[in-house]
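Listed after this line are the structures, all set down as structure tokens.
Two complexes come next, and they have one chain in common, chain A, joined by chain B in the first and chain C in the second.
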Partner chain A sequence: MKLSSALHNKDWLKPVFGVTIIFILCILFSPESSKGSIIFLKFDNLTNVLRQVSEIGIISIGMTFVIIAGGIDLSVGSVLALSATLTAFGIMDWQLGFTFTIILALFSGASTGFINGAVTAFGKMQSFIATLAMMTAARGFALFISDNNSRNIGFGENAAPDSFRIFTDSFAGIPLPVFIFVAVTIAFNILLQKTRFGRYVFAIGSNENASKLAGLKVNRIRIYTFVVAGLLSALAGIIHTAQLLQGNPNDGVGFELDAIAAVVIGGTSLMGGKGSISGTFAGVLIIGLLSNILGLHGIQKDFQLMLKGVIIIAAVFIQGNSMNYEWKKLFTKRS
Partner chain B sequence: MKINSILKSISFFLAVFLILSCGDKEEVKKYVIGFSQCNSAEPWREAMNKEMMKEAENYPEIELLISDGNQDNSKQVADIENFLVREIDLLIVSPNEAQPLTAIVEKVYNQGIAVIVLDRKILSEKYTTFIGADNVIIGEAAGKYAAELLNGKGKIIEIWGLKGSTPAQERHDGFIKGLAGNPGIEIIYEQDGAWLRRKGREIMENALQRFSNIDLVYAHNDPMAMGAYLAAQNAGRENEIYFLGIDALPGAEGGVQAVVNNQLEATFLYPTGGSLAIKTAVKILNNQETEKNITLETETIDSSNAEKYL
Partner chain C sequence: MLSFSEISKSYSGNEVLHDVSFDIDYGEITALVGENGAGKSTLMKVLSGVIKEYTGKIIVGNEVREFNSPREAELAGISIIHQELNLIEDLTIAENIFLGREPVTKFGLLDFEKLYEDADEILRGFEFPFSSKTKVSDLNVGWQQIVEIARVFSIDSRIIIMDEPTSALTESEIRILFEKIKILKNQGKAIIFISHRLEEVFELADEIVVLSNGCFVGKFKNEQIIKSELISKMIGKKHYETQRTINDIENEILLNVDGVDVYNKKKIISGVNFKLKKGEILGLAGLLGSGKSEFLKFLYGKKSYLFTGTIELKGKKIIPKYPHCSIDENVYYISKDRKRDGILTGMNITENSTISVLQNYVKYGCLNKKMERQEVNAEAEFLNIKMNSLQQPIETLSGGNQQKVLLGRGLLTDPELLLLDEPTRGIDVGAKEEIYNILMELASEGISLIISSSEIPELLRICDRILVFSRGKQRAVFNTSETNGEEILQFAFMED
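Up next is the complex of A and B:
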């Protein structure tokens, strides 16, 4: 009973609880190596999982801000592609060096985010439409810059500076992208939970009109949420380029859907006003662990896709108070 | 209520994982081979998977794992990382793109695991064996066949695979090489069909409008050749034109069937190398010597021998 009341009071505990369950099940059903050890628990495998989810994870953190404020951002995958392309060209063709290339890539993310937000807020347009337009436009721009080709990154003379290798380095056996993901999670958790800005994001998400009447600068706050999403997508784009040593304008297709799934599994409501970064972190891990264990078992794509669909519905259903409520209402009415 | 729903959720996930573990009860095989396919959605690559699975059944001591990279470099890198933690004995990889896959393939090779690279190369010499077909030779075979068919005189339409892609360029270069020494033959129209049947049809429709006299269509793959055939059929001109394709996939939708149906004059086999890859893998696992580069032979398939390849 104590567990249940704890789960009831603290929304963020539920997704954490979910990750724990999945983690235990992964251990139980892990394939065994020839020596009888549990493959899933190998250090290499666990760091693989974290590294593989770090890009989607960072994007999902930004997406959480937008969704809590009552919006949606479909452009994240294209912004990642744009940032990845700019990174590769900045460092290889334009010889901007490490720092300026990264500033340029992040700036591209922040500006696309700003445009998304401004069109939504001042253009009185639904964010679904505004970011759908950005999704195609940003991809088009990435293709334009790159002349429809991917750009490979090489090292040595007239190529990428060695400092760029830092993104592929490991510290204490853990790759840098994992540290970046964790740092972003902690920093933006503080921003959302402990600052005035964070509280405003919740406020405009749960009731925009009331927030307006209370004197909040609703438009400005909304724009900031999109800037956060754009900025983090661009950061993910830089990591993406460094991981593959290639900036590809065609990458990141469908990332928006993965990010939205992770956010929703983490207990954030698509209606806005409710959600948490820790929940999203857990949602990202749930998806990552599932694809890992399915991959280790060599489960084919058809079954993986069907299972993922089921998992998304089940995860949201299990932790959704509101949904329970709807069901109860439905049944009491009938009886 | 709450406890109840938690129990429900636990039992649900348990059920899911039980289903998962069902297929996993086979006896432990001696060798595990991981095959990282870049994209199973293409018919030619699906044929490669099937060929490999069929060949693997001949060797009870090996277990074959196949992963699908969904045409996504990151996904394919993750697939290979999964193979590494599964402690595979040999990796077969058909890379989506060379550069992004090079580092991980090198990592596998450096751990002392043998690597067979299939169809597309990587930017490194750190692999055990490369198996692939030579598109220039295939294009050349098509060119020679066309020259013979036309008796050294005629007008040709060429429908390209995706321009800028290596196989398309090589199938073109080979074709020109095969036509050499026949000044009476000219290519009057060439367009990028991006490997797609739909595009092949559109290009041929335009060509039929523009040219009253077409003798032969050379398409860089069978689906585009079939698209072109359909366009000619609609215009009632399919009997005055020869159609040549490449790939020669088996199955109802494949190019071999189209040759049997007298739609395509001929198609040129672009072998997937699936079964040879497994045979080579077994050789390597048994410590036998293999060549570093193996080039697969092409085969001309026309009405004389098509039945055999169905």
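Up next is the complex of A and C:
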């Protein structure tokens, strides 16, 4: 009784609860090593889960802002590819050095985000369409820059500086991308929960008309949400390049759908006005944990994908969030 | 004969129809008149099966009938033409006219030839200049209205209800419509005609039924009643004392509106002239669509219309452009449509209250939620908002309490001028009283208010002066103590 009322009052508790359940299931169903220890719980395995989800995770944080504000961003995968390409070319061919390469990559994300937002807000266009166009265009731009080739990264004279290796380094046994993911989660959770901007994001997602009448500069706020999404996608692109030591303009296909899935599993409503960063963090972990445990059992990608489809629906139903609400509305209308 | 017998209907405790009984004869045109909210539309919704829950009886012929849907009513020979058009814009005129009753060939396919032939036949009767193959979206609103009417003509209805059918039509279109209505009458059909344009009522109707505050006032033969008499019947017997005296007001002028005409492609509001003093409550009276709501939206900058004339706020010329600019000038507006333009669904009472003033609570870049809660708490206490906690989602409150939260949202911005559009719309009687008292208290604290309302008694009670709009024009300004409901209504019904 106490638990269910606690879950009712604090929306963000639901996904945390979900992660805990999945975590326990993973322990129960984990294969055992020859010495009898639980492979899933090994430190290396757990950090590996976090490392694998860090890119999608960072993108999902940005996607959460856009979706709470009542939009959607389909261009995140392409922006990742553009940023990855710029990173590889910046550090190898153009010899921009560590700092300027990263600034360039982040700038590409911020400007694509700005364009997404401006077209949506001032062009009075649905963000689905505006970002669909950017999804195509950003990918095209990445292919144009790279002349349709991926760029490998090497180190040394006239190549990448050693400082670029930092992204593959580990600290206290934990890879840097994991630290970045966690730091981004904490920082953007504060931005969403504790600042004026965060409150405004909820408000315009909940009721754009009312927000405008209450004196909010709705267009500006909407653009910022897309800039956040673009910026974080570009950050994910830098990490992507550094981990693979390659900038590939064809990478990141389908990332937008993985990110949307994580956000939705985390309890954020596609109708806007409702959601949380902690939920998205949990959503990302749920997806990561499940593919990890399936991988440990040697289950192939095809089956994993099918199961992921089922998990998305199940997670949303169990949480009884917006989707479920829509269903309820549908049924009450009928009767 | 069609009879209404003791029809009553309430919405959440508010009685909107009270024991309404009268008869309507076939072969006659009956006009239904009354103020906004008198219950005309509700009564017609009861008759046409839109409203299913009511008490009393509807007797058609000698049978008591109950309709569960508009479709059932239509099959029983009762058709309604709504004020809002019900056409499917992407279909052709013919497809709309015969929607759900399309002729089919013996193979079960649509018989387009017959469809368009039959439709053209009906349209000819309306001197319709387009082929029935025209898409409805290509027509202007006037012709769309005629299509809607043609649809009803094609059904063999015995009772035809028209809710303000002429509001979007031009003079020549109205002539054609009236001719058709007279033909229908001669065919022995019963026509029920709702209109705010009393001139039309007197031109067309045989019988005039007056409703007031949900009650049946009387049924009169056209020849036996004149316009001013009709209007005084509509206002009813109730008498309202104003609770305001001119002495309450300081003399400093806050807002000076001088010769303002407002344009949205064409002129939509004209000749607005008034001075609003500090701590004064000005009422805007008028029928639906008279321009009173539009004027408030314009003044707040909800829509940035072009205008001529001058508007001075605190002696400074202003051009209303955006809500956030108006808020900076200490002007705040609350819409009549709470759900669409007011509440932030899914967000709690605190968040809903402070959305316009978040800058006041920023400390080290973050919101100081404790300070926020304290201020909202004080405001909620002043407004007497009934709630379980400040964390409660706003949509779980009653209409009256939602309205109080929105009022609180405005008050937190420290306004000097409050623009309220129908501030007591859809809220129960008790909450209405509370809101009246709150508004008068605010005025005594020096806030000026402009209140637009369709309920004249409400304006008479709480306003110092009342400005009357009709057809987009300012017609008169009265001191509340020197006027009465009848006089205001006379001006509200004024035509060019």
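Here is the rule we go by: the second predicted complex is superposed on the first by the 320 of 335 C-alpha atoms of A that agree within 3 Å, B and C clash if a C-alpha of one lies under 4 Å from a C-alpha of the other, contacts with A are read in each partner's own complex, and residues count from 1 in each chain.
Assume contacts are C-beta pairs under 8 Å (C-beta built on N, C-alpha and C of every residue); 3 or more make two chains touch, one makes a residue touch a chain.
Nothing here was measured: the structure is a model prediction, and the numbers come from that model.
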Problem set entry | Partner chain in contact with A:Asn248 - chain B first, chain C second, else both or neither | first
Problem set entry | Which of chain B and chain C A:Leu216 touches, first, second, both or neither | second
For this session: Using the touch definition from the top, say if A:Ser111 reaches chain B (first), chain C (second), both or neither.
Result: neither
For this session: Using the superposition described at the top, determine whether chain B or chain C touches more residues of chain A.
Result: B
Problem set entry | Which superposed partner A:Lys274 touches (first chain B, second chain C, both, neither) | second
Exercise. With the two structures laid over each other on chain A, which partner does A:Ile190 touch: chain B (first), chain C (second), both, or neither?
Worked result: second
Problem set entry | Of chain A, residues touching chain B in the complex | 1, 3-5, 7-8, 17-18, 21-22, 25, 28-29, 31, 33-34, 39, 42, 44-45, 48, 52, 55, 148-150, 152-153, 168, 240, 243-246, 248, 251, 291-301, 307, 310-311, 314, 318, 324
Exercise. Contact residues on chain A for chain C in the complex?
Worked result: 9, 190, 194-196, 199-200, 202-203, 206-207, 209-217, 269, 273-274
Exercise. Mind pulling up the chain B residues that touch chain A in the complex?
Worked result: 2-3, 5-6, 8-10, 12-14, 16-17, 20-21, 23-24, 28, 40, 65-68, 70, 72-74, 77-79, 81-82, 84-87, 97, 99-100, 102-103, 164
Problem set entry | Residues of chain C defined as touching chain A within the complex | 300, 302, 323-324, 326-327, 333, 335, 340-347, 351, 355-356, 358-359, 362, 365-367, 391, 409, 413
